[in-house]
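Letters A, B, C and D mark the chains in the order given here, with residues in each chain numbered from 1 onward.
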Amino acid sequence: MERLKVKLNNLELDNPVIPASGTYGFGYDYLDFYDPNILGSISLKGTTLHPRFGNVTPRIAECHMGMLNSVGLQNPGIHKVIEEELVKLDKIYHKKIIFNVSGFNIDEYVECVRLLDNIDKVGIIEVNISCPNVKDGGLSFGSDCSSAASVTKEVRKVTTKPLFIKLSPNVSNIADIAKSCEDEGADGISMINTLIGARFNLKTGKPILHNVTGGFSGPAILPVALRMVYEVYERVNIPIIGIGGISSAYDVIEMMYAGASAIQIGSSNLVDPYTCKKVIDDLPLVMDELNIKKITDIIGRAHK
Amino acid sequence: MERLKVKLNNLELDNPVIPASGTYGFGYDYLDFYDPNILGSISLKGTTLHPRFGNVTPRIAECHMGMLNSVGLQNPGIHKVIEEELVKLDKIYHKKIIFNVSGFNIDEYVECVRLLDNIDKVGIIEVNISCPNVKDGGLSFGSDCSSAASVTKEVRKVTTKPLFIKLSPNVSNIADIAKSCEDEGADGISMINTLIGARFNLKTGKPILHNVTGGFSGPAILPVALRMVYEVYERVNIPIIGIGGISSAYDVIEMMYAGASAIQIGSSNLVDPYTCKKVIDDLPLVMDELNIKKITDIIGRAHK
Amino acid sequence: MVFNMKKIENYKIIHNNLIAKNTYEMKLEGNVGWIDKPGKFINVSVDSNYLKRPISICDYDETTLTLVYKVFGSGTKWLSNKKENEKIEALVNLGNGFELNTENEALIIGGGVGVPPLYALSKRLKEKGVKLTIILGFTSKEDSFYIDKFKELSELVYISSNDGSIGEIGFVSDIMIKYNLLDIPYYTCGPTPMLKAVHSISTAKGQLSLEERMGCGFGACMGCSHKTKNGYKRVCVEGPVFTSEEIIWND
Amino acid sequence: MVFNMKKIENYKIIHNNLIAKNTYEMKLEGNVGWIDKPGKFINVSVDSNYLKRPISICDYDETTLTLVYKVFGSGTKWLSNKKENEKIEALVNLGNGFELNTENEALIIGGGVGVPPLYALSKRLKEKGVKLTIILGFTSKEDSFYIDKFKELSELVYISSNDGSIGEIGFVSDIMIKYNLLDIPYYTCGPTPMLKAVHSISTAKGQLSLEERMGCGFGACMGCSHKTKNGYKRVCVEGPVFTSEEIIWND
């Protein structure tokens, strides 16, 4: 449907709906529910240079309209993902994907991005500088301008593919950080990753997550995500993928008003595996209701 | 009831339940619902040196399990509050109150605190360095260690009353900021103030709040508040008043496990004016259920 | 005094009927002893949402009260799905209400979902023997409601609609000018632009019922503040009804 | 293949009865065609909460399935308040289920709310002619349930309770030792410490059904990962049932 098409740099998507990294595995787990080819794209599970088991369980805690996770980037390592997962995925999903990478030092980021540069299936490299779950990494890169800039600068050197930097919301000025990334050559911004939260067991008083804190996501965080996308849109001229708390076609519209060129849906997929399909089906109806002709017409409307 | 008693420095409270600043006016608006003397204390509406109307309406937007406000510190100015509101309040509320002050430069904070130093009714001065609604102030003091420290240092000079610094959650490391305040002589920490959020009108695409962004509060933010209280408890040795998303006696327990010595309830009062009364009534029952003898036994249990 | 307290009450739904496009009349049975004048409102708990929804009292008798509301978003949508005999909860006895005029003539000016509170008001005024001139404005015919009910209260009922599909085409202010109703003391409720127009063209005194987004509805949050010549007031406590003399428009 | 898909289904509640302290039996009518073996679970939507709640299939026939669950927090509380004829929604066909033993003898070891999935399992094993020895452990008498039902399946049913108020005082592992049941191939489900004990003392092979906090229940979030000798597995997809040979305890 022409009216749903959006562009992220040179990548054209059939619609702005993309499942978010870490909530869609490597594309396989939703086959029972719908054909993934209806999606705009897929952001794959966060991958690191080396395989990781991630954190000890419990890794999940529930919140009002949201959840905490401390999965801790469990993944089989980028070599295996490229050699096995991408090959398998190619058989069931025929569009380009967004490859989400994390690292615990700049060299790891660079090495991952270098490995992806010549892989045709990869439409966008999403550089997660925000994962809050891993104590000795992740957080630091996303929490100040200079380290965000360094990562961007170094990965920029090794790829010509579109680079989207995925920002952490656990900062005092996200627009400054986005600007530093743009200045160092980022092609776009993915935002937001999870807030950091904790829950405690009422019976024991101890943290529910083995890792104490975890990433907070779901509808509860939507207002924070909307605000941050709004602020970043005012500061940068590169496209934004809006993420955080989206669960309906209405939320997609609101996120695009704030400034997003496309959106990702995370936790809502976990709670209702049909979410992305429903949102894609509902979008034209909601657009009719709100008198929106083409979805691209509304990007950043809140600022006009 | 002895088992509910808590201490904030030298101030003993009958129970840990305190309505949060900005959601209880100057103590009058709940008289139809219950006798305020059941409360541990009351944190009064944020007061500034000069009278303020605050922001243009709309000032309220709704969220999933929460709300945004951009009231913008509407208040009649500290002189009028001291001369009129405190006098009126004294007739209906017989305990000491928590006086919440804000300022747009350090002199204003100092002047307010000086005026409060000899007022007997004031049990604690709560210094709000976090109000996100006022563009040219508020946010800046709470968002980095050095300005948080400066405010604390200067107000410390003009009072011997317990000084609690109220922190903003919109920062990358709240524990550092809390530590700076402790180092400059703060007697306690109140946390958290609101997150910053935004919502957009589906029909027009424009921000719902006239001020675009507003303070996000309510049950949705509980996990963030819990996490931050947990982190700050690990860093400082002064008492913490835990605030953010509390709506039930269970939430009170969870917040005290995380490290709070007392708690404040904000938005939940607005949504159900009986909240504080219900929570106070429920606390002994919930303590029985969870085998808690004295509420002070559980402060910081998550860390033990 | 106890009589005048704000409190949470439960009501049984007698009916919840569609009476115009997206517009429902909900009749409720329960404590109505607190309704001492028209123009007050209640703040209805809606399970679907965090905040309560303010709705005006449209009508009341000894045992029931009636709301008329338009489905606007998720909260009113939820309300519209409630069935006969189900219960709803609300914080009641909110707002100041209209002061009943002592003059013997009054102009009633309602627009859209501002019409409901004017119905109980008109009834009370009529009971007092006040001669009523009534102007009701709607977007179009399918949005209109309660016209016959108002006609029972007065022979002077003017209708306007934006598209002319019912009554005269145009705004309520056009009617005021056309029929020279500018010097009758008035009561009005409706969209802000309408209130502003009425306020600016009438030469008489009036009472205007305002709307604001509300956090609490009982005075605690300062979410609904409105500047007046007599200082800052809260639409939910000192309002929603303000006098034409005191009102200042925020922008 | 279609037969084996995960999907969302609606069920009508036939009954939802208290059968022990805080413990309910809920019988549901609806699509059960996907239940090809015991030990699978469903993830029940609870309106009160954000995440679904995983509950094992306790029993099933051609048109119904039965859950037995304990009220633990707000989600199961909500579930316990559902009434006959109301509907519930669930994501179904989750987990691997038990592989039915080919030996002619089996030991069934259940603890607390780990007992339910072992009931359907025991029925299927009995149908296959497997001789069953059953050990059920409960906190105390008031928490116990389904004992008579298990007795219909075998004459060798041992009961233990922590306080001795029913059966023998102590743990299921005490029974295993006392009655020398350590070399019978086993199936077990219950609290982790119990599973660890069983796993360490038995000299036979077994299948153990684990519990983990789940984000999705269908394999997408990696919330429920468990290390095994054959690599990382997801309790919700490759589990909840693991073999004694592959299992590794996380701590």
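Keep this in mind: contacts are C-beta pairs under 8 Å (C-beta built on N, C-alpha and C of every residue); 3 or more make two chains touch, one makes a residue touch a chain.
Model, not experiment: these values are computed from the prediction.
Student: Hey, what chains does chain A share as contacts with chain C?
Tutor: B
Student: Quick one: which chains contact chain A and chain B both?
Tutor: none
Student: Between chain A and chain D, what is the gap in Å from one C-alpha centre to the other?
Tutor: 36
Student: Per the centroid of Cα atoms for each chain, what is the distance between chain C and chain D, given in Å?
Tutor: Taking the average C-alpha coordinate of chain C and of chain D, the gap between them is 58 Å.
Student: What is the distance in Å between the mean C-alpha positions of chain B and chain D?
Tutor: Centres of chain B and chain D (C-alpha means) sit 46 Å apart.
Student: Got the chain B residues that touch at least 2 other chains?
Tutor: 61, 63-66, 219
Student: Could you pull out the residues of chain C that touch at least 2 other chains?
Tutor: Answer for chain C, listing residues that touch two or more other chains: there are none.
Student: Could you tell me which shape the graph of touching chains takes: line, ring, star, complete or other?
Tutor: Drawn as a graph, the chains make an open path, so a line.
Student: Which pairs of chains touch each other?
Tutor: Listed by label, chains in contact pair as A-B, A-D, B-C.
Student: Name, in rising order, each residue of chain D that touches chain A in their complex.
Tutor: 5-8, 49-52, 91, 212-216, 218-227, 232, 237, 250-251
Student: Which stretch or stretches of chain B touch chain A in the complex?
Tutor: 61, 63-66, 68, 143-144, 170-173, 195-200, 202-203, 205-207, 212-213, 216, 219-224, 226-227, 230, 245, 250, 253-254, 257-258, 290, 298, 301-302, 304
Student: Spell out the residues on chain B that touch chain C in their complex, using ranges where they run on.
Tutor: Within the complex, chain B touches chain C at residues 22-25, 28-30, 32-33, 45, 53-54, 56-67, 69, 71, 74, 208, 218-219, 267, 269-274.
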